[in-house]
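Each in structure tokens, the structures are laid out below.
One chain, chain A, links the two complexes that follow: it is found with chain B in the first and with chain C in the second.
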Partner chain A sequence: MDWQLIWLFLQQGVASGLVTGSIYALLAVAIVIIFKTTDAPNFAAGELFMAAAYVALYLLVFLALPFIAVVPLSLGVAFIAAALFYRIVLQKIGSSAAVTVNVVIATLGLSFVLKGAVRKTGVGDVPRSFPSIFGNDTITIGQAVLTLQDIGILALAVVSMTIFFLFFNFTRTGRAMRAVGMNPKAAVLVGINLRRTRMLIWGLSGLLSSLAALLIAPKILMTADMGSVVILGFAAAIIGGFTSLPGAVLGGLIIGIAENLVGLFISSRAISVAPFVAIMLVLVLRPQGLLGGKVAVKKV
Partner chain B sequence: MKTMFRAALTGLVLAGAAGFAAQAFPIKAGQGSYSDPGITDDTIKIGLFAPLSGAALAYGEDPLNAARMWYDMINGMGGIWGRKVELVIEDDRCNANDLVAAVKKLVEQDKVFMLNGGSCSAAAVAAQEYVTRAKIPYMMLNASGDGALYPPTDYIFGAASISQRAAGGTTVDFASRHLKGKKIGYINHDDAYGAWNLETAQFTAKESGATLSVESINPNITDVTAPMLKIRAANPDVLILTTYARPATLIVKKAHELGMKMPIVLAVTGTANLKQLVENVGTKDAFKNFYVQDVINDTPTGPKQKWVIDMYKKRYPEMAAKPDHPTPYMPYGIPSAQTVTNALLLAGPNPTREGVARIMRSLTFESGVMAGLISYGETDRAGQESSIFLKFDGDKQDLQPGTYVSRWVYKP
Partner chain C sequence: MLELKDISAGYGRINALSGVGLKVDAGRVVALLGANGAGKTTTLNCISRVVALTSGEIHFEGQRVDRLASEDMVARGVCQVPEGREIFARMSVRENLEIGAHLRRDTAVIRQDLDRVCEYFPRLRQRFAQEAGTLSGGEQQMLLIARALMGRPKLLLLDEPSLGLSPLLVEQIFAIIRQLNKEGLTILLVEQNARIALNVSDYAYILENGEIAFEGNSADLVRDDRVRQAYLGA
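Showing the complex of A and B:
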């Protein structure tokens, strides 16, 4: 392999990796905000992502609504559905013993329900394309070829994550959410409505999943199994530190780039293994994740 | 109807049974007791299964419909040795556990005489151990099932559509002979399925004096940038894809984005819905130099396929009225069911499982549907090993000259 080819591979690998990595980052943020406030991973994150994509497809293709209506409607449906799941199911579970295990099982249940529901419609049986908002014309940056869709994905993902960062740091509701994540009991003592805040967090997580779905669906094709991509969101969250939002973003980008570089410089067969090798390396060398802070020991 | 009879009867002639072929269908079998379950004086029970729900429904539903209409036709002609074929149908969901459970139910509860089913290779292969132990003749529906076909066992037969080994070998043969490819890019799955077709692709490339640049990808891959950049760097004359439809779509799209102009040959595994493929890729420009492999004896709408399509429309008018029906994989169910009915016919009026399996091990017949003969041998359990190729411009399919027969032979 000559230097010219290595340079080309590096440019294209990093550029394409940033695009897919930004989607993993969005999914990782959706996972982390739930984990920070409930201490349980949301195993339905992938299916929320998948179902949101199908809702958008239904609105766009079957109801023939314009994009400008489809985007807010899809985000709204995902927000409400996820918030209602918390309100109707998880809040009940919250009053029982072994809360974390029950929450995990409930999210697994939701994932089966959503996948089954999409399959039942018959629409999920064949891979379908989701129309691209930005078009598929290509542009060349250096030697890397990207589509307008790629640029759009990266730009929107960065803007969305910036908005979320500002929301969590500079708004009253965002700060309340962070307080709930840090210490729910103390948050209640200072007047934060725990249930309402957690419901909002679930809604936001659904909204983020929906946004990721709207952005990536034109690139990866839609099937009822497309939610499996969320495993890379989990990998990103673990690499970044499961409780760190900036870490989740960093983890997503690392995985996106690592997948491409491993595929280009080692083997295409190794692409699917790369995220898990990265997880193992991070867990061995820095168990709390890249930006996860010090390992905290819970007092019992 | 004439073609249907010819298909059935040619099979018998080729099988060396012409002597009683002409009178076989209407003859009443002798009264008596039978050593194997699932058979009476008036009926013979066959377990028929395929994925009838879930994501793989498109792979199994229509082939099963085709098999069922063949059995119905045989029953309409008086059955086999006077016995009507009684079908017990199960949904295997394209899943190994579900398929094995379905097979066990069919054998142990429904007491079928033999099995005919499976559209997904990994799932069908999972039944190997049980079927071999139970000594039940098992003809796969449209699964390639190479893992259960080689090394050969006495009871398992498959690849009525095409074996993966033959699919890989014949695509390379086409790329080399018809498209004059000397450097061939080859993208397959990184699983057993991909390994089977790669084995013969490498064998055929070596025989043809061509070189292969292979990229093996995960079937669930979301970003094909890396393998496609490596293929572009290898600068092949032809690119062959033996992946499923979803990764194939991503690859065709990426090839177009990267400005790759070489001919692309898509193996039959990715051709379930060509209209959807074009829609998903987003532009017909990506199909300017595009070929698809098929394993039937004509274009899907060609005159040689007419009898199957007509039969389907008559038997399933509601299904035929649905968009994209019959599906491209529908005809594959016919040679599978023909294998079963021809073997039962040749096994005589008092068939045993052992006798039917023995007949199947040397059965050869012309299906009237597929690109090549359906043929089994002492070391060969794959029924169909030939391909045709169609140039596809995103709209029309033009048959390319020649039928490509796999030259790979299993060596124990």
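Showing the complex of A and C:
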């Protein structure tokens, strides 16, 4: 392999990697905000993502609504569904002992319910493709070639993550969310409503998953199992340290790029191994993840 | 201003408080003393609506409040300085203070209050941009008091403000507590350090195993033989 080809592959791998990586980053952020504030991973994240894509598909193809209506509707449905799941199911569990285990089981339960629902409604029984708003024209950056759709995905993901970070760091509600993640006991004493704040966080997490779903759906074939993509969101979260939001974004981009480089330099059949090699490398070199801070010893 | 009527509370099967009655009149400093595990923190957490009552009533400014949510108590002006170092460690000192005013919407006044609380604790001003988790123990205690003040309390609940501080810092903190009271703030002070607590307070209650064992004017309790033996080591 000559240097010119290597240079070309590098450019293409990074460019394409940033596109898919930005979607993993969104998913990782959705996972991390829940983990930080609920102390349990949301194992239904994948199925929320999948169901959100099907909601959008349903509105768009079966009800023939225009994109301009489908986007806010799908985001809204995902927000409300996730918030209600927290409110109705998790709130009940929260008042009993062994909270973490029960939360995990409840989120697994939700994932089965959602998958079953999509399979049984006749929308998800055959693979479908999701229409794209961006054309398939291509743009060349350096020597890397991206479709307009890729550019659109990357731009929308970056814009929405920026909005999210501004909200999270500079608004009153965002500050309350961070406070609940850091010290729920103190948060209660300054007058923050834990239940409402956590509900909002779940809603927001649902919204981010659904955004990721809308962005990636046109690039993939939709099946009821498409939620497995979210495993890469978890991988990104782990690489970033699992409690760090910037870490989650960084992890997402690293995985996206690693996948694409492996696909170009080694073999497209090796792509699915790339994220796990990346996880192992990071965990061996920095057990706390890239931006995870010290390994936390939990006070009991 | 505040009245607890015969309150009981517990954790699961453990009974922490049984039939506690207590009154705090406006403008006063009332001390709540007792050994480890006597139920002092539990009492404050009942008032802050963090721990549920099993029986009894709590009245604040003439209204029954024992069914309210914790944020309603803060909104009514009952702010707690918790024991331990319950700060928001990864936020800046400034954000820790601002979040004390979480329920307030008067942005302009909040900014003035930020200056005002920093007059009590000039040290915090110098550390404004620093992460709160990097403050020393004493500075964190100051931050906790200042954070509670940012909520514009009418009644301040202080849980062992002297814990783990050097004698000099304890003096400083109690000087500020006195000053706050002089400026009109009503204070319910939980302490292990009975000597200093009886010294700043007007009235005191002593908890033993979740029940009020003694109460009286602080000046009288200091002279009471039983209290002296059990709590003042004399």
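One rule holds for everything that comes next: the second predicted complex is superposed on the first by the 300 of 300 C-alpha atoms of A that agree within 3 Å, B and C clash if a C-alpha of one lies under 4 Å from a C-alpha of the other, contacts with A are read in each partner's own complex, and residues count from 1 in each chain.
By definition in this document, a contact is a pair of C-beta atoms (placed from the backbone, for glycine too) under 8 Å apart; a residue touches a chain by one contact, two chains touch by 3 or more.
Source: prediction; values computed, not measured.
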Partner with the higher number of touched chain A residues, chain C or chain B: B
Touching partner for A:Asn42 - first (chain B), second (chain C), both, neither: neither
Contacts of A:Asn193 with chain B and chain C, given as first, second, both or neither: second
Which superposed partner A:Lys185 touches (first chain B, second chain C, both, neither): second
Partner chain in contact with A:Ser209 - chain B first, chain C second, else both or neither: neither
Touching partner for A:Ser272 - first (chain B), second (chain C), both, neither: first
Partner chain(s) touched by A:Arg172 [first = chain B, second = chain C, both, neither]: second
Doubly contacted residues of chain A, that is, touched by chain B and again by chain C: none
Sites on chain A touched by chain B in the complex: 5, 8-9, 12-13, 16, 20, 119, 124-129, 132, 136, 138, 145, 147, 216, 219-221, 223-225, 228-229, 256, 259-264, 267-269, 271-272
Chain A-touching residues of chain B, taken from the complex the two chains share: 53-55, 57-58, 190, 215-218, 220-223, 225-227, 229-230, 233, 245-246, 249-250, 253, 257-259, 272-273, 276, 279-283
Of all residues in chain C, those that touch chain A in their complex: 48, 50, 69-71, 74-75, 79-80, 82, 86-91, 95, 98-100, 102-103, 147, 151
For the chain A and chain C complex, residues of the former touching the latter: 172, 175-176, 178-179, 182-183, 185-193
